[in-house]
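Chain lettering (A, B, C and D) follows the sequence in which the chains are written, and residue indices restart at 1 in each chain.
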Amino acid sequence: MARTCRAAIVPEPGAPLEIRDVEIPELVSGSALMKVANAGVCGTDVHLWHGRLAGVPYPLILGHEVVGTIESVKPGGIQDLDGNEIQEGDRVAFHDVVDTCYSCWYCLVAKAPTKCPNRFVYGITLDSTKWPFLIGGYSEYMYLKPRTQIMKIPDHVSFDDAIFAGCALPTAVHAVTRSPIRWGSSVAVQGAGPVGLMLVILAKINGARTITAIDQAPDRLKMAKTLGATHTLNIQETSLEERSDFLRDISEGHGPDIVYEATGNALAVPEGIELVREGGTYTICGQYTDSGTVEVNPHYMNRKHLDIRTVWGSETTHVYQALRTIGDNCDRFAFKDLVTHKFSLADAQSALEVQQKQESIKAVIQPNE
Amino acid sequence: MARTCRAAIVPEPGAPLEIRDVEIPELVSGSALMKVANAGVCGTDVHLWHGRLAGVPYPLILGHEVVGTIESVKPGGIQDLDGNEIQEGDRVAFHDVVDTCYSCWYCLVAKAPTKCPNRFVYGITLDSTKWPFLIGGYSEYMYLKPRTQIMKIPDHVSFDDAIFAGCALPTAVHAVTRSPIRWGSSVAVQGAGPVGLMLVILAKINGARTITAIDQAPDRLKMAKTLGATHTLNIQETSLEERSDFLRDISEGHGPDIVYEATGNALAVPEGIELVREGGTYTICGQYTDSGTVEVNPHYMNRKHLDIRTVWGSETTHVYQALRTIGDNCDRFAFKDLVTHKFSLADAQSALEVQQKQESIKAVIQPNE
Amino acid sequence: MARTCRAAIVPEPGAPLEIRDVEIPELVSGSALMKVANAGVCGTDVHLWHGRLAGVPYPLILGHEVVGTIESVKPGGIQDLDGNEIQEGDRVAFHDVVDTCYSCWYCLVAKAPTKCPNRFVYGITLDSTKWPFLIGGYSEYMYLKPRTQIMKIPDHVSFDDAIFAGCALPTAVHAVTRSPIRWGSSVAVQGAGPVGLMLVILAKINGARTITAIDQAPDRLKMAKTLGATHTLNIQETSLEERSDFLRDISEGHGPDIVYEATGNALAVPEGIELVREGGTYTICGQYTDSGTVEVNPHYMNRKHLDIRTVWGSETTHVYQALRTIGDNCDRFAFKDLVTHKFSLADAQSALEVQQKQESIKAVIQPNE
Amino acid sequence: MARTCRAAIVPEPGAPLEIRDVEIPELVSGSALMKVANAGVCGTDVHLWHGRLAGVPYPLILGHEVVGTIESVKPGGIQDLDGNEIQEGDRVAFHDVVDTCYSCWYCLVAKAPTKCPNRFVYGITLDSTKWPFLIGGYSEYMYLKPRTQIMKIPDHVSFDDAIFAGCALPTAVHAVTRSPIRWGSSVAVQGAGPVGLMLVILAKINGARTITAIDQAPDRLKMAKTLGATHTLNIQETSLEERSDFLRDISEGHGPDIVYEATGNALAVPEGIELVREGGTYTICGQYTDSGTVEVNPHYMNRKHLDIRTVWGSETTHVYQALRTIGDNCDRFAFKDLVTHKFSLADAQSALEVQQKQESIKAVIQPNE
């Protein structure tokens, strides 16, 4: 008789989550079974729940930011990027994107593997009705397919710290990889949600001189300050002109060298173009869902002599570096304090609602608690 | 009694040009007097005539794209970038931007000398009522101030070839410097005016595989084809969807690796973002005057994982490379055939009108003919 | 009864080649059988014959530069990088490196897949005593394993043109990718063997202003001139000082912006450091076997403010671009004229000897002629 | 009657320093007179004393690392890079290189202003027998010529902190600019003198994961540890093989991503090539005088797929960033503790001798104490 475990399932777009029993498949060579410790609740999960993304198969098991413990693995089967064998009992994170082919034009010629058409994402585009079924983190167990990049969590890093290696920090790592922060530079970050806060941390680690977080939620701005932001700007309390003036005042009149966008709000983009200094770099990594069009002035953009970069998805290296960054810096930055809400599997529905209302910074589901 | 020469002067914004006698100042150390052969009529000149640019002093002598012959220079006074002495009788071009300070934050720290606040431009921001008066090319003589970068035109290069080193080609050189063309890549150029045609030539010289020129003027597209464009698209005869499909069809389904904007029309920008391939580079260098705002979709931009670069002004090196590019390639590309209209100084007014109607590709004024 | 074909085999280092019958294995999913048209004889083959490389299993079937015709493939089994299906009768080239894992630190984090410890090379490190046996091009047939990157040769490209996509041109493509050639720049190439000649062609395609080939063989220098070198220097007829002076004389006194090394002779390296201009780039891609140590002066290097890059192996993209470069340019550059010698399989031994004496530019073995 | 001040002068190579009275010239527009607080004693000063550098005019006033107080300046005469006016009483540093022309091919086309042939260096290549005479820091006063880049020292930064903006830190800034340190990477620094220690600090500020200082002086290695080195290696106590193994052990078996050379010893170069990881970056910035040739193996270099960069001189931006780096970080890093020896002007000779014996980390001369 097949073993099963419980998972929270979105039966169809917009419908309430249901807790169902799902079959745990036998392991094949190179695969592993993970007991889920924390499944992060991502803003994208809310969009998925409402069916706002194309190409997503329902019924769906949500959860692409996941950490846990290896329950079983065939011996000698899996090595991590550092050449260590993944073993039972290992506490692990993994790259939620799987099946990047490294055989196509985007992977090998354009060197843009996040645009590979063959990739799938756990908890988003993998189909829970097909083998290996347990493809999302809102579940007691996840089945990690062959070629999933599994990474060991260092002993001194808690699951609450490590959850940020699941999505928020890799996104920020990718953004900073595309637009590196020179030490001593002025940085502004639009949005102080999980991605924005990770950008604040990376700006701090990279020796930025000023780091200004911009948001409307006082608690998020306060957290940004705790994590190293030198200044904060509340968009409810200031005008664009005031923000622009402020940012110039703290950078010898120039404005920030780099502005990162991590808001998910289309209106942030014309503001970012306005805020960044002449000859500066504007990096957009938060526009993951369509929030409509905005007006920009091409002449103004041209005159400013800008680099504007948009950043899609994450590569394995970004997850690898994210986990190392947490391991190297969790004494300095209290990642785990950003986990403001915890839910059982049965309360997964509530977790989505809390996330939707933006009451949490990071909510997690703990299916085995 | 002071020597004088004739110059065409814009007395005030919008007023007809007047031919006046202007004093020829004595040379100071490091300066030179140039007898003007060709003064190019730039689209910007029309905007200047109408007073559409801020910070421009009137009365104004237009003409920032200028080639001619050195009439006089103090011996030992001026060396070009290659260390050769500039002498009487030399046929020369020069960098129209002067007084870039190389002492300010933009010049030395940001390394964005085209944003130097101290720079002046012959024929645009230099004041014709102050020494040295002869600051524009719509004049029998120009006075080249100390520290003007003067460059010798090779013997085999005609003044009609060399005029493109004045503004169009340096702009294109700057754009290609910021967004280099890898040999074998797919390039599209929006706009087939002087800058766009120069981009076609540079794409050809750099070994692009496909070069698609996009414009609405059949004669300009025909010229693009002559200069090396592999394909042309007339925006009057095709829809955006057709253009997008066409560009994908000729690049294994991806779209162009690089799109250059050289139109001066704000609407080109959202189209360029649409046309460039995922992970590609969009480079804006034609938005020199304000033609209003346009709508863009930040989510669409983000998903495409783009580099977008805007390019302002030209540095001395771009003029230097432009002149060398003409010298090395004027047998292969008939730059001089792009000079479609020639005017005497007395007809400078007509030259502006022809340019305004876009009847010319490149019109020049020949004040000494 | 198993099918067999004939292959030329190095039984052990230094021993004469033997023609043996080798089993043709059944195809597995994703594999293909190729009928060999041309197997290029590479300088490395001579070193392999003499047993000078570590990690090479004998008996060995040589031949890592190979083009031919698909004899059989399972339907739907293989797609090329452009998404086209590989079919029987297709004329193809392939990336000789296989099994790059895209799962290790070098592949994914360092992004240096040519340093992947898991990769194998047809005709060099694959073992001919193990499945699939037919692992080198000195054979009537080759067995192309799953995940071998197979690429279609365009109809207008002959097998003699295409053979340069096997090794020489991808090496040059990799070198130029690491050290791009700006149009209008001065380039020098040390060594006018196959790799050096490909660098001359790439310099030409990329719009170099001067291209100076340096070698000791008059016929190779003559070929370099035919392919686009603007100048040649014979090291038997000139001193280092003369070469250095000459290169400065043709570049306004500076020396070449980029020097590529493609000699295989260690002594070329200190000379290259001497020849390149101050602030220039020296790129070493020809030191594939150990020819001993040389003396360099670190102070001299430091004062010159140099970039020195060394280039190991080739990625799939370099082969892909090489084949496209040939397809796009074989009318302009007579690649096929560089195939100076052709041998039957029975004469494979003679082919190695001709290569060893450097009598050929490119010799090929045609096992089915 | 002309005003004079006392200066320590090298009358001719190798001769003892003499204290002489030197004329203080009148200020011209754009110049300033500085009362010297600290003149750093650089390793180069010892070489200059012995006459080991070409192109140096004697008698010579040494001292190119200098900080002090503005004694007099014509009003409105000088602005710093941030647009602030330099005034009497300002505590300042300055870029020791003056007269970089920004008019030549190296400055404008090659963008390698440290190779500008027109530049002069205070205390090294300026002639003390010609106006403005007071061209070195071993003097009560220095005359700062027009176009000298003068920078204000923040109030909270002592002269002992600021002296590192004179030469050691700009050199390190230039090296890190050419070879940026990615956060989380492994760095090794050869040499723990002033430049090496500044590289340790910059590696720390940039978020390096491991920073290994390599030297033979226990006190310097101890200082490196204090400043943030995670590990040290004493070359007297370890073999090259042990150092190489150690560095691999602390970086998952790869070796350091970046190795910086700051030793002045030619033998460091082959060791650095050995220590850096495959695909890594080796940056040479310490070979300022000729210490002979060394043997390297080009095949070994080629196989490692390296970037090797050599770094000559400093630009104004490097001094500007150095001073800001000190201002932003002098609470975290005790720059001033590296000033281990202080001398009066009369003891300048002793200062050189202490430096020659490498007894100091940084010795300074205080001509007005």
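We adopt the following convention: a contact is a pair of C-beta atoms (placed from the backbone, for glycine too) under 8 Å apart; a residue touches a chain by one contact, two chains touch by 3 or more.
Bear in mind the structure is a predicted one, so any value in this text is a computation, not a measurement.
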Using only Cα atoms, superpose chain C on chain D and state the rotation angle in degrees, rounded to the nearest 5. 180
I want to compare two interfaces, A-B and B-C. Which one has more contacting C-beta pairs? A-B
Using mean CA coordinates as chain centres, what's the chain B-chain C distance in Å? 42
Distance between the centres, which are taken as Cα means, of chain C and chain A, whole angstrom: 42
Touching two or more other chains, which residues of chain C qualify? 82-83, 105, 252, 321
So in the complex, which bits of chain C are touching chain D? 105-106, 110, 112, 114-115, 252, 254, 261, 266, 268-269, 277-279, 284-313
Flag every residue of chain A that touches chain D in the complex, lowest number first. 82-83, 180, 182-184, 202, 205-207, 209, 252-253, 321, 324-325, 328
Which residues of chain B touch chain D in the complex? 79, 81-83, 100, 102-105, 107-109, 111, 147, 149, 315-317, 320-321
